[in-house]
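Take a look at the structures listed below.
Each of the next two complexes has chain A plus one more chain, namely chain B in the first and chain C in the second.
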Partner chain A sequence: MPSDSILIVGGGPAGLEAARGIAEIGYKAILVEKRDRLGGTPDEASYAALTPHFKNTDDVLGAMIGAITSNPLVEIRTGSTVKECSGAAGDFAVTLSKDGKEEVVSTGAIILATGFDHFDPGRETQMYGYYEHDDVITLVDAEKMLKQHRFVRPSNGAVPKRICFIQCVGSRDRQIGNEYCSKVCCGIASKQAIEIRQIVPDANVFIFYIDMRMYGYWENQLYWPAQEQYKVNYVKGIVTEVLKKGDKLVVRGEDTTMGRPMEIPMDLVILSVGMEPSTGTKALAKLLGVRQNKYGFIEAIGEPMDTVSTSVEGVFVAGAAAGPKDLEDSTSMAGAAAMKAIATVRRKSAITAKV
Partner chain B sequence: MPSDSILIVGGGPAGLEAARGIAEIGYKAILVEKRDRLGGTPDEASYAALTPHFKNTDDVLGAMIGAITSNPLVEIRTGSTVKECSGAAGDFAVTLSKDGKEEVVSTGAIILATGFDHFDPGRETQMYGYYEHDDVITLVDAEKMLKQHRFVRPSNGAVPKRICFIQCVGSRDRQIGNEYCSKVCCGIASKQAIEIRQIVPDANVFIFYIDMRMYGYWENQLYWPAQEQYKVNYVKGIVTEVLKKGDKLVVRGEDTTMGRPMEIPMDLVILSVGMEPSTGTKALAKLLGVRQNKYGFIEAIGEPMDTVSTSVEGVFVAGAAAGPKDLEDSTSMAGAAAMKAIATVRRKSAITAKV
Partner chain C sequence: MEQTRYTVRNKYSDVPYEVKEQLFREVKSDLRFTDYLYGCYECGICVAACPSARFYDFSPRRIAQAVAREDVELIYEQMNDDVWECSQCFSCNRCPRQNSPGGIITVLREVAVKHGLRSAKEALGAYGRVIYKIMSTGTQVSPDMLQPDAFPDWGPQVLDVSKNLDTWRKAIPPETLHTTETAWEIDDKTIIELYLIWHMTGVMNMIEKVDEGLYTILMDVMEEKLEEAGYSM
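Up next, the complex of A and B:
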């Protein structure tokens, strides 16, 4: 018996937007989230303001969550994971598990919105010392402090006066196997640099980069204001090492514009860690037999004109489960995936009706 | 009387994908295109292969057009323009004009997929001499030659041996008023550089750039292969002038990595022209009273979580009418716009039914 409900795995921005879209068109969405809360990575990792418009994360997520909790066509299943899946497009049987109890649900299509993990800088090929030095942190750690409007050195609670970002940690790095660019880190670092200057107006903020990938409007929304209004210092350079020298950190590398080695003291170093496929993304891809690319992300087989279809009919991908994506990508893809998932269940129902 | 059909203006990738999506969900799409053919800019400007996967443009567009011409729920109106619009979400009356004859159609929602224009290098602030030198061409001119698998110097028909791209022509340029980055030019130049090396294997190809914005997978799909497999020379530098010297062109500027002036002879110079709102985008925005940003593109008011809603209820935007977008952006947005347009007509019908 074909089902016209659609199962969405992942309650982050892409999953929330897909669920809303499906319900608004009159179809039933079953939203499965392994955590006890909706909101995905922006919630779990305590994002402060969203890139590039500086909108408050909790407000934005709250509105998205409100839209689906108020819609009776969305069935929300938090604290739940996908254990098994059988059947085919139009008629999948998916086994969900919650608190050790299993239940099989019928669904006509599946949208994977299982997201990404932040790169673990313990695996980086340079010597940035994330696990050695308290004052070497990641974009995620910085975001947590910015959310509390309290920006300090973890080692001693003092307000840092010299702060730098190191871009491309875990991205554009063949040694690690992550040849791709993680797309959002230049924008997020620039957003954080602006926020740091707002909280600590006399701080010197540096961003060491290879290319500033401030594509589209990020150029005028973030990159110009960061430089002109907030005096963020962008330095094209390669940092190879972060050392501790007394109470300070020293950043060593090469300023490629000036063509000379650099050795600059810092109070705080922020590693701009990239994206990797989440554990859930890899597990679900395997469970559903969906093709992954060499990095483990789910492959969108119809690009560039179809960003959401996977190698398995009736299974779609939305957001960073498919690779490095910004929020606009994720929510646009959610709409496209919702549309194609509904088209699938309609097509399959029509075929069955004819037979 | 509310209408549950949806009018789409623009028959490029975004418009085609939106029409397909709407029809596949069982709603009626009216696709209005001012040209006599569908396909939009990739067709009009004779794109050869699409960035970043090198898929054949005609094949890809053919499949998209086939999907809607075979669907009776899509009404295609080529050679038509929008003259007037009255009413509101759920019940717009849109006057279309074809061959001087006007007709009013009812529609519940409108999707603007009216796209972009390529920047006209006659307006650039540098001295690149597009209108002075035959062998200074644009990305669009180059694409036309690549489509014919015949890559020559326009001045004399000879095969060029030294070719360069100049990035950011009409983008990231405050003098012109285009502060934004046009997003796709780095990728397209890299794609063309690879194609040139395939057609003219002994050519030297240079790309002069500020930042190579090879975001996400473009890094591994285009940027690594261009450098390693195709030996494209990427030079971080500012070109200020292109001069004619006998039979050759001379590119003058500064190599910012080496920190020294450069003066390099070239056979052919390709200007990587950016995106500006199309005439149709600006005209439709005005006609419908939709808010435009300072560059004239249509403003998506709900970003980053809603990339398609405009300042007018029931009017949505998809693709480069909203700003610099790549093909993935455009087709993802098309799905999101289709979904929200259908949600609008459903909501408005339900309200009327209650009254």
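Up next, the complex of A and C:
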């Protein structure tokens, strides 16, 4: 029996937007989320203000969640995971598990919006000492503090006066295996640098980078204001090691455009960790037999013009499950995936009707 | 005090950080500063356009960068060693961020002169004769400066001209150009106004900082004229 409903896996920005789109067009969306809450990584990792518009994360997610909870065509299944899947486009049977109880739902198409994980800085190949030094933190840790409007050194609770970001941690690195650019870290570091200067106006903030990738409007939404208004120091040159010196940290690298080595004392070092495919993304890809690229992200087979179709007919991908994506990418892909998923179930049920 | 900035190299470590910091504060407080520096991409377009950079180890980018990063030590070094290599042609104004490295250099130079930095003295030393001429007479180059020893590359013609300078000058129709010690006739009212401007705007203080000898001579010349006109020093 072909099904008209569409199953979405992942309740982050891409999954929420896909569910909203499907329901607004008049089709049934089943939104599966393994956590007990919707919102995905921005919620789970306590994002404060979203890049690049500085909009409050809870407000933005709240509006997205509100749009689907108020729509009876969306069936929300939190605390649930996908166990099995059989069938084909137009008529999949997906086994969901919640609290040890299993249930099979039928769906005509599947949208994978299973997202990314933040790179674990324990795997970096430099010597930044994330797990050794309390005052070496990640963008995620910094975001948590910014959410509480309290920015301090974890080691002693003091307000840091010299802070640096180290870009491309876990990205663009053949030795690690992540050869891609994670796309959002330059913008997020610049956003956080601005916020830090707002909270600690007499702080010196440095960003050590390989290339600043501030595409499109991020340029004058983030990069120029950070540099011009907030006097953030952008230094081309990647730190090779972070050393502890008394109460301080010392970062060592090369100031490449000035052609000189540098050793600068810091109170706090923030590692700009990139994206990797989430455990859920890798597990779902295997379960559904969807082709992954060499990094484990789900491969979009029709690029550049089709960003959401996968190697399995009727299965689509949206958001950072397909690789490093910003929020605009993720929600735009969600719209495209919703449209293609609806087209699939319509086509399949029309064929069945004829038969 | 803010401890170490960029370490490793510090050429003028004998000069206290506070002194360097004060000079930079003066640079930043200049009214033109915010129009001359936004942020630097470190792209090098200014260096590519710079004629001085082709002939000297000079880079307007490094100047803009040091100032943008507020690297006080390096700025002090540049005020001493680099800013005088700029020809102030402003080819660097083609900056995509609309910075003016040349303009920043103007400000750096002015602060260097005001504080009599060694480099300012050295760089301006060669201009003593011209400064004396223009500040004492109001005209920059006068016919009597045309001497064979000053212009050997002009050949024997210079000797002819310099011998009969007075006659040559009288051959020029406008009577105001029948001068040899100044480029043209200078009205007393004009020269008094110029002297007053130089005194009141602090130019004399700057001259005193970079060239004390020149300052003394100029003051002698000016005092006499000003007193004649009824101004006391």
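Convention: the second predicted complex is superposed on the first by the 355 of 355 C-alpha atoms of A that agree within 3 Å, B and C clash if a C-alpha of one lies under 4 Å from a C-alpha of the other, contacts with A are read in each partner's own complex, and residues count from 1 in each chain.
FYI, a contact is a pair of C-beta atoms (placed from the backbone, for glycine too) under 8 Å apart; a residue touches a chain by one contact, two chains touch by 3 or more.
None of these values were measured; they are calculated from a predicted model.
*Asks:* Which holds for A:172: it touches chain B only (first), chain C only (second), both, or neither?
*Replies:* It touches chain B, and chain C stays clear.
*Asks:* Using the touch definition from the top, say if A:180 reaches chain B (first), chain C (second), both or neither.
*Replies:* first
*Asks:* Look at A:224 in the shared chain and tell me whether it touches chain B only, chain C only, both, or neither; answer first, second, both or neither.
*Replies:* In the superposition, A:224 contacts both chain B and chain C.
*Asks:* Taking the superposition as given, does A:263 touch the first partner, chain B, the second, chain C, both, or neither?
*Replies:* Second partner only.
*Asks:* If we overlay the two complexes on their shared chain A, which of chain B and chain C does A:331 touch? Say first, second, both or neither.
*Replies:* After superposing on A, A:331 lies in contact with chain B but is clear of chain C.
*Asks:* Quick one: is A:339 in contact with chain B, with chain C, with both, or with neither? Answer first, second, both or neither.
*Replies:* Touch partner of A:339: chain B, not chain C.
*Asks:* Look at A:272 in the shared chain and tell me whether it touches chain B only, chain C only, both, or neither; answer first, second, both or neither.
*Replies:* neither
*Asks:* Examine A:41 and indicate which partner it touches, taking first as chain B and second as chain C; both and neither are also allowed.
*Replies:* neither
*Asks:* Identify the partner contact of A:190: answer first if only chain B is touched, second if only chain C is, both if each is, neither if none is.
*Replies:* In the superposition, A:190 touches no partner, neither chain B nor chain C.
*Asks:* More residues of chain A in touch with chain C or with chain B?
*Replies:* Counting residues of chain A touched by each partner, the higher count goes to B.
*Asks:* Do any residues of chain A touch both chain B and chain C, and if so, which are they?
*Replies:* Shared contact residues on chain A: 224, 236, 257-258.
*Asks:* Flag every residue of chain C that touches chain A in the complex, lowest number first.
*Replies:* 2-9, 38-40, 42, 61-62, 65-66, 68-70, 74, 97
*Asks:* Sort out for me which residues of chain B touch chain A in the complex.
*Replies:* Touch residues, chain B against chain A: 13, 17, 21, 24-26, 50-53, 55, 60, 64, 172, 179-183, 211-220, 224, 236, 256-259, 303-308, 323-329, 331-340, 342-343, 346-347.
*Asks:* Where on chain A does chain C make contact in their complex?
*Replies:* Checking each residue of chain A against chain C gives 204, 224, 227-228, 231, 233-236, 255, 257-258, 260-265.
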